[in-house]
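Two complexes follow with chain A in common, the first pairing it with chain B and the second with chain C.
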Partner chain A sequence: MSMTTPASGTVSAAENDVLLDVRELSVVYASPGMEPVQAVDRVSFTLGRGEFVGLVGESGSGKSTLGFALTRLQKAPAQISNGRILFGGRDIRELDAEELRRQRQGGFAMVLQSGMNALNPVRTIRNHFMDVFRAHGHVGAHERAGRAAELVQKVGLGPEVLDRYPGELSGGMRQRVSIAIALSLEPQLMVFDEPTTALDVLVQHAVMDTIQALQKSENFTAILISHDLGIVLEATERVMVMHEGRIVEDARSVDILERPQDPYTRMLLSHYADPRAETISIPGFVDMGTRKREGKARIDVTTTRPTVSARQARSADSAIVVEGVSKVYPAPRRGEEKVTAVSDVSFRLEPGEALALVGASGSGKSTLAKLITGVEKPTAGSIRFGDLDVTGLRRRALRELHKDVQMVFQDPYSALNPLHTVEYTLTRPVVNYTGLRGADARRRVLELLDTVGLTPVEQFAAKLPHQLSGGQRQRVVIARALASDPQVLIADEPVSMLDVSLRAGVLALLEDLREQWGVSMLYITHDLLSARLVTENILVLNRGRVVERGETAQVLRHPSDEYTVSLLDAVPNPARAKGAR
Partner chain B sequence: MTSTQNVRIPSDHTGDGIAAPSRWRAVGRMVATVWGNTKARIGICILGFFVVVAVFAPVLAPYGPKDNGFERNGAASWAHWLGTTAAGEDVLSQLMHGARISLVVGFAAGILSTIVAVLIGLSWGYLRGVASEVVGFVVNLFLVIPGLPLMIVIAAYLQNGGILMIIAVIVVTGWAWGARVLRSQTQSLRGRDFVTSAQFSGDGSARIVFREILPNMTSLITGSLFGAATAAILAEAGLEFLGLGDSSIVSWGTMLYWAQNSNSLLTGQWLLLFAPGLCIALLALSLTLINFGVDGISNPRLREGKGR
Partner chain C sequence: MKYIAQKLGLFVLTLWAAVTLNFFLPRLMPGSPADAAIAKLSQNGPVTEATRAAIEAQLGVPTGSLWDQYLSYLHQVVTLDFGVSYTFYPQTVSSMVSTALPYTIGLVGIVTVLAFVLGTLIGVAAAWKRGTWLDSLPTLTGSFLSTFPYFWTALLLLFFLGYVLHWFPTTGAYAATSTPGFTAEFIGDVLLHAILPALTILITSLGGWIIGMRNAMINTLGDDYVTFAEANGLRGRTVAIRYAARNAILPNLTGFGLALGGVVGGSILVEQVFGYPGIGYLLFNAVIGQDYPLMQALFLMITVSVLIANFLVDILYGVLDPRTRR
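Let's turn to the complex of A and B:
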C-alpha cells in the first residue's frame, strides 16, 4: 500500500507521543447462517496526542465500523477478527466491561450522528450531566452545577439550557449538548461519527465550527468520521480516505487537496466545485449556463449513461401557476403560535423549464411540493396546472393530476416497498395510468428500465430493492415517476441521500429526461451546487417567503440576499479550505 | 448476480398476478430465523408433540375417550397410567383426545380473530377522519368491556352450541387488542414514502393497504396470531371449566369441569386436575416460546447469536 510511505514522512511528527496505535485491524460482520462480511480490512494507523484526523469514505466503506471498534462500542454481529488497538499503550481488546466503563472517563468518547436523539426526553439536561458525574465520580458534589454550566458554555450554549428538556431544544442544540456530555468525561480521544449529518445545512456549519474550536482549546485527540470530503478537509489537518474497508490514502489535508495520490480520492475530489464560480464542471457535467452559451452538449467523460430515447408522444404543454399561496398549520400545542410554512409565494413553472427551489430545512420547500401535488391544500392562494385547479381536487381528480405531475422522492431507501420487485413497482403506474395490460405493460416496464439506464433490463426487473445500490434505487424511483408519461417532475432532494460519486449520474439522468422528453422539472434542494448544474431558474425560500429569484447562474454568482449568501457559505468546498489555511 | 439468474421472469402474465419471485425464499428465511432461536425451538418441539398426539390420538390412546367400563376413581396403575375418572373413563385417553379440541379451537379461534383484527386494524389505521373515529369507538368499546364476563354472558345466551359456539365467543371477544396493535403499526407505515409513492402510482386505498402495507407486517401478524391462539386455548378451557360449553365432549376444559364436579382433590385424585392443567399450561407456553422467535423476524436485534 502506498499510504504508509508518505504518512510516515509527513504526518508522524508526534511520533514519540502516540495516543492510539492501530495495527492490522480487521472487523467482520458474522451473523449466523450468512456469509461473513469483511467491513474493515487490515487497517493500520497511529494517532498522535492532540491530532485532529478526518476519516472519509462513502457508505459501506467501513468507516463507522472502524470508529465503533476503536471505542469498543461494536456490537454483535460485528467482531474484531484480527489486529490490535493500543490506546495509551494498552490493548483495549483486553479490557473487561467494568474497566471499559471506567475507561470512558479520561479515555475515549464517541459522538454519534443520532446523538441528539439519545437524550432522555423526560429528564432535563442538568440531570444528564449529573448522571454522568455521579457514575464516574470525577467531579466533587459541590462543583457539579458549576461544571455543567461551564461545559454547555464551551459548546456555545447558555446555562439556561440546563433546565430545559431535550424536546424543547432544536436539533443543533441537542447535538451540542451531546458533545458537551461527551466532553464532561474529559476524554483523551473523541470520535465524532457524522456529527452534523442529521442537522440542517446552516446549523451544520456552526456545529462544525464549535467542534473545531473545542478541539483546539481542549486539545483532545479527535477523529472526525464523515462521508463528506469537503467538511473533513475544511476541519482537519490530516485525512484518511477509506474505501471498501481499507485506508487507501492517509496524508495531510493540504496534500490530499493538492496532490491526491489514490484514484479514489481524486474521484471524490472531482465532485466538488464552488457554485459561485463562473463555470462549473464535475465529471459528466458542465453547468447549464456555460453549455447554453457555448452551444455544446454536456460533456461526458467518466459516467456512462444511456442515451435517453426521445419520447414519442408529447412534450409538456401546461405550466404550473402558483399565485399568492400560503399554508398555515394549526398551532402544535395550545398557547403556541400557528406555524406559517409557506407565505404568499407566487411563481410559474413553464413547460420544459427547470426551476430550482432552494432553502434550508423549515423554509417551506417541501410543503410547496405537497401543495403542488395536491397532497395538502393551501390556506390561501391558488395553484393551477393548465386548466386544472389543483387546490380543489378530490381523490378521483387527484389521480388525473398525478398522471401529469409526478414526484421523485428524497430517500430511495424508503420510497420503494422492500417486498416488491422492481417489475411490480413499475407495473402499477403503467397499469393504472396507461391502460396497458399483460405483455404490453411488461414491454413498457422494460422500456422504462432501459430509459433510466438499468440494463440488462430483464435482470433488474426481477430484483428486490435490497439487491440494488442507492443510485440504482433512485433510478427505479425515477422510472416509476416516468411511467405515467408525466409533464412535470417534482424532484424533492433526489440526490441528497446518495453518495457523491453516484449523484452526478442521477442528476445527468434527470437532465437528459428533461431535454429529451420535454418534461418540466421543479428541483427542490438545499444543495446549491446541484441546483446550479441542472436548473435554469432559481427561487430561494426563507421561512416560507421567496427572498430571491432569477437565473440560477446569475443569482448564485451575485447573490443579493443575506440568506442566499449563508446558504452558499454552507456548501462544503475543499478549495475554500485551502484558502483559509 | 448468481442469486438473480435463476429467477425466472414469467414471460406471460396478467398485470395483477405478479408475485415477488422470492416470496417462498422469504418464508423459508422466516422459518429458519424462528428455528434458530433456542426458546422458539423448544416451543416448536412441545407444540409438535401435542400436534402428533392429537392427530394420532385414536391410535395412541389405549382406550376410547368415553369408554366408561373401568373401575371408578381408580388410582394410577399400569393399566391406567393416570387413573380413571368418577365415571370410570381412562384419564390418559381423555387427555390425548382432549388435545384435539384444544388445538382445533385454539388455532381456529386464533386465526379467525386475527383475520378480524387485520381487517379492522388495517382499515382503521389507514382511514382518516370520521370513519376512523367510528371504528375507533367500536374497538374501544370491545376493549373496555371485561372479557370473561362478556364471554360468559354470550356463552350462556347461546347455550350448548358446542365447539363452534365457543370459537365464535372467543373471536367476538378477542380481536380488539390485535386490531389496536396492528392499527398503530399501519399508521406508522402509511407515513412511509413507499405508501405515498403508491398513491402517486394511482393505486386505490384497498390495494395500498393489502398489497403495500400488509406484507410489511407479516411478523407482527404472525406474533398476533400465536398470541391470539394462546388466549383462545386458555379461554376455551376456562369456558368449559365453567360448564358453559358442551360438557359431553371430551376436552381438557371439560376434564377439569368433571374433576371439579367429582371433588377429585378431596378424594386424593389430584392427577385429574393436574394433568389437563399441565397440558393447557404447556401448550400455552409452547406458543409463547415460539413468539420469542417470531419477534426475531421483525427485529434482528432480538435474534440470539453468539459474540455478545
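Let's turn to the complex of A and C:
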C-alpha cells in the first residue's frame, strides 16, 4: 500500500481551527535483541476543535498505541520513531517532563480502557480529585470540594461517591468517576481508549450516552478509540479506520456507512447486522431460519473424519431438563440481603438443539451454567440429564457427567496454560476421558484439531498458546471440550473476547458441530446477533428470572418484554446510526 | 473500630488456644519427667521406693484432676509464674526471661523493623528509577549480600571489625567492667556492643526487602491507576509514593509480619555467635541443660510473640487497605 495520506473522503478541519495536527507519526516497539515492531506506521491526520472522531481497528491494529502516543503516555518498549504531534501548534514531542505535566491540565486527557482499574484502590474518590487539584492548582482550595461534587454530578453520580473507595463502586460507576477526573483537568482534547469495553452491555450504552452528552456540553475535542465500529459510528461524526498500523480510511461516519472505500472497512462493516432483521447474513453465515427454509446446511462439504460420534448415534440421547431451579447465595456481608442469582427457571435442551440464554451481567446466566455442570448445587428445583439427577452428584459421578456435558469458556487468553503445547493441552482430556494411550491418543488429538479446523494439524499440535491468534485459541478450547465426545456443549460467551472478523469462524464451527454431529448447545451470551445466528430457541433472563422465551428469530423480531427491548437497543448498530442522523 | 474489635477477639481466642495446647500437649505424652529420671537411674541399679519419692517430690508430681491442674496452670500463666529454673537454680524463670527479653527485642526487634523500613524505601527508589544506577546498585548489592550465610557474615564481621581492627567488642551485651544502670556510659556501652550483631541482621535481611519492594512496585507501576495518575499530570512524587508504593507495600506486610513473629524465636543463631544474653541465648542453654520450666516458658513466649506480630500486621493492614476493613 502506498497510501500515506488518508483515503478519499478526508475531512480536513479549517486551517485556523486545528487543535491537533499529526504528521507522519510512527511508533515502534523496540526491545533489545528483538526485531522492532512497527505498531503505528506514518500516520497523518488533523483534528479540528470540537470534533468527535472515532478511531477503529481490531486488536493489534495500533489504535491504542496511537492514542497513548498522542497523549505522550507511551512507555518503553514503545517509542515514537518518526513524525510530529502538533497540539495547538506546538510539537508535544519536544516538551520536557515538567512542561508535559503542566500541559495535562487544560491540554489533553485520557480515559483508559479498564476504567475499573484506573482508580487507586486505597484512595477515596475525593482524594483522587484533590490530587489533581493540588497537582495543578487550577482550582482554589476553597472551591475544590464543591467542584468535585459538581464533576461527579456531570457524569450522573451523586456526591456520596466522593467518600467511597473504588472497590465499593460498580464497574460502570468507576468508569464514570474516571471520566469525571479527566474532566476535572478541563482538557481541550479527550482521548477515550475503549471506555466501555469492560462494561456490561446495558451499562455500556448508558456510559456512551454520557460521553456523547458531555462532549457536546463541555465542548472538548474527543477521540474515541474502539474495536467496535458499531459503537463508534453511533457516537461520532467522523471515523478513522486503522489496520496494521495505518489509517486506511478517514471519512465522515455517514460516508463510511454508505460508501466505504477500503476493503478492510467493508469487511468490518459486513460483520454487523440488526438482530431484528428478517434475514441476516454476515460473511460465511446466514441465519438459521433462512437456512432451514432453503433446506441447506451452512456448509456443503462435510468436514473430513468425525471425531465426535455421528449424529445418528446420538438420536436416542438425553435431553437436559431444568425444572423450577433457583439458586440463592448467602448475604455477602452480615446485615445484607441474600442474593437470588437464579429464580424458578425451567427449560429443556433437546438433543441436537441450540438454545440461547441471553441477559446482561448479573442476570444469572453464568450461574445457570454452573448449576447444569454440577459445579454448584441449586437451592431449589431439579436438573436432570437423561435419567441422571445432576443436583445429587458426587465428585466421581460428576466426572462421568462431564464426559457428556462440556464447557467452553469466555476468555481464550486465560483458558489455556501458556506453558503447554496445544498437543499437551488436548492429550490430557483425551487420556482422562477416553482411556486412549500413546499413538491412539495422538491420533485422536490430531482428529480433534482437524474437526475444529486447525490445519495442518501437525503444525498446530506443536504450537504454544502465544503463537496462536484469539480465534485459533478459542478453537483449541473447543477442541478440548470435544475431547470426551460430549453430547452437550455449554458455551459461555465464546466469542465476546474475539475480534469481529474472527467471530464468524468460531460461530460457524459451533454450528457445524451441532448440525453435522448433533452436539446440542447451550449458548450463553449478551450478544443477540450471534444468538440469532446459531440458535433456534432463546431464553431471556433478567435478574435470575425468565422474562421471555420462544423461537430466537420470533423473540428478537417481536420482543414483548421491556428488558428484551432494552437489550436489543443496546446492540451497536451502524445502520441505526444512519437512521438517527 | 469494628474491624479492630474483630481482630482483637480473634487474637484473644488464638492466644487462649495456644496456651491451652501448651498445657495439654506435654500431658498427652506417655510417662512423666520423674519416670524419665528414674528410668535413667535404674540402668545403674535398682531404685528404692525412697529415691522415687524423693525425685517425685523434687520435680513436683501434679495433684488434683486435670481440670484443677489446668486452672492452676492458667493462673500461673496470667501471673507470669513459670516456676524455678533447673539449670540456674534458684532463679525464677520469669526473672530470667524478663532480663533477656529487652535485649532481644531491643536488638533483633528494632533491627528487623529498621531493615524493613530501610529496605522498602530503597526498593521504592530503585523501582521508580528503574534501569539507572539507583536501581542496579542496591538491587545487585542487596541480592549479593543476602546470599551470604548468616553465620558467615557474622564471623567475617567479628573477625575483621572486632578481632583485627578492634573497632567493636566481640562478645556480650556490655563490657564485664561496666556496671548496669541508667547511665550514659552504660547505654553507650550497650549500643557499641549491639552494632556488630545489628549489622549482621541488617546485611542479611536488607537485600530481601529491597528486592521484594522493588519487584512489587514495578508491578504496580504498570497498573492502570498509575498510568491514569500520570495522564492526569500528578507530580512524580505523588505518583511514586501515594499511588505506586502505597499499593506495592501491601503484599510485603505479610512478610514483615512473619519476620516480626520470628524475632523472638529466630534470634538463637545471632545471639549464640555474639554471646548476646537475649532470649535465643537463653533458649539454647535451656535446651542444652534440659531445663523444662524455662523451655516451656520460652516456647510460650515464641508462640505469643508470633500472635502479637500477626495481630499488629492485621491492624496495619486495616489501616492501609480499605478493602480489608469491610
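Keep in mind that, in the parts below, the second predicted complex is superposed on the first by the 551 of 581 C-alpha atoms of A that agree within 3 Å, B and C clash if a C-alpha of one lies under 4 Å from a C-alpha of the other, contacts with A are read in each partner's own complex, and residues count from 1 in each chain.
Everything below uses one rule, namely that a residue touches a chain if its C-beta (ideal position, glycine included) is under 8 Å from a C-beta of that chain, and two chains touch if they have at least 3 such contacts.
It should be emphasised that the depicted structure is a prediction, and the values quoted were computed from it without experimental measurement.
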Self-check item: Room on chain A for both chain B and chain C (clash or fit)
Solution: clash
Practice problem: In the overlay, answer first, second, both or neither for which of chain B and chain C A:366 touches. | Solution: neither
Practice problem: With the two complexes superposed on chain A, say which partner A:135 touches: chain B (first), chain C (second), both, or neither. | Solution: second
Exercise. Have a look at where A:112 lands relative to chain B and chain C in the superposition and call it first, second, both or neither.
Key: second
Quiz item: Does chain B (first) or chain C (second) touch A:120, or do both, or does neither?
Solution: second
Quiz item: Now for A:167: first (chain B), second (chain C), both, or neither, which partner does it touch?
Solution: second
Quiz prompt | Partner, of chain C and chain B, that touches more residues belonging to chain A | solution = B
Practice problem: Could you look at A:181 and tell me whether it touches chain B, chain C, both or neither (first, second, both, neither)? | Solution: second
Quiz item: Looking at the overlay, which bit of chain C runs into chain B, 151-159, 169-177, 187-195 or 241-249?
Solution: 151-159
Quiz item: Residues on chain A in contact with chain B in one complex and with chain C in the other?
Solution: 75
Quiz prompt | chain B - residues contacting chain A, complex | solution = 1, 3-5, 7, 9, 12-16, 18, 20-22, 26, 32, 36, 192-194, 196-203, 211-212, 215-216, 303, 305-308
Quiz item: For chain C, which residues are in contact with chain A within the complex?
Solution: 223-225, 227-236, 238, 242-243, 246-247, 250, 320-323, 326
Practice problem: Mind listing the chain A positions that touch chain C in their complex? | Solution: 71, 73, 75, 97, 100-105, 109-110, 112, 114, 117-123, 131-132, 134-136, 165, 167, 178, 181-182, 185, 333
Practice problem: Report the residues of chain A in contact with chain B in the complex, numbered from low to high. | Solution: 30-33, 75-77, 79, 373, 375, 399, 402-403, 406-407, 409-411, 414-421, 423-424, 427-433, 436-439, 441-442, 458-459, 461-464, 467, 477, 480-481, 483-484
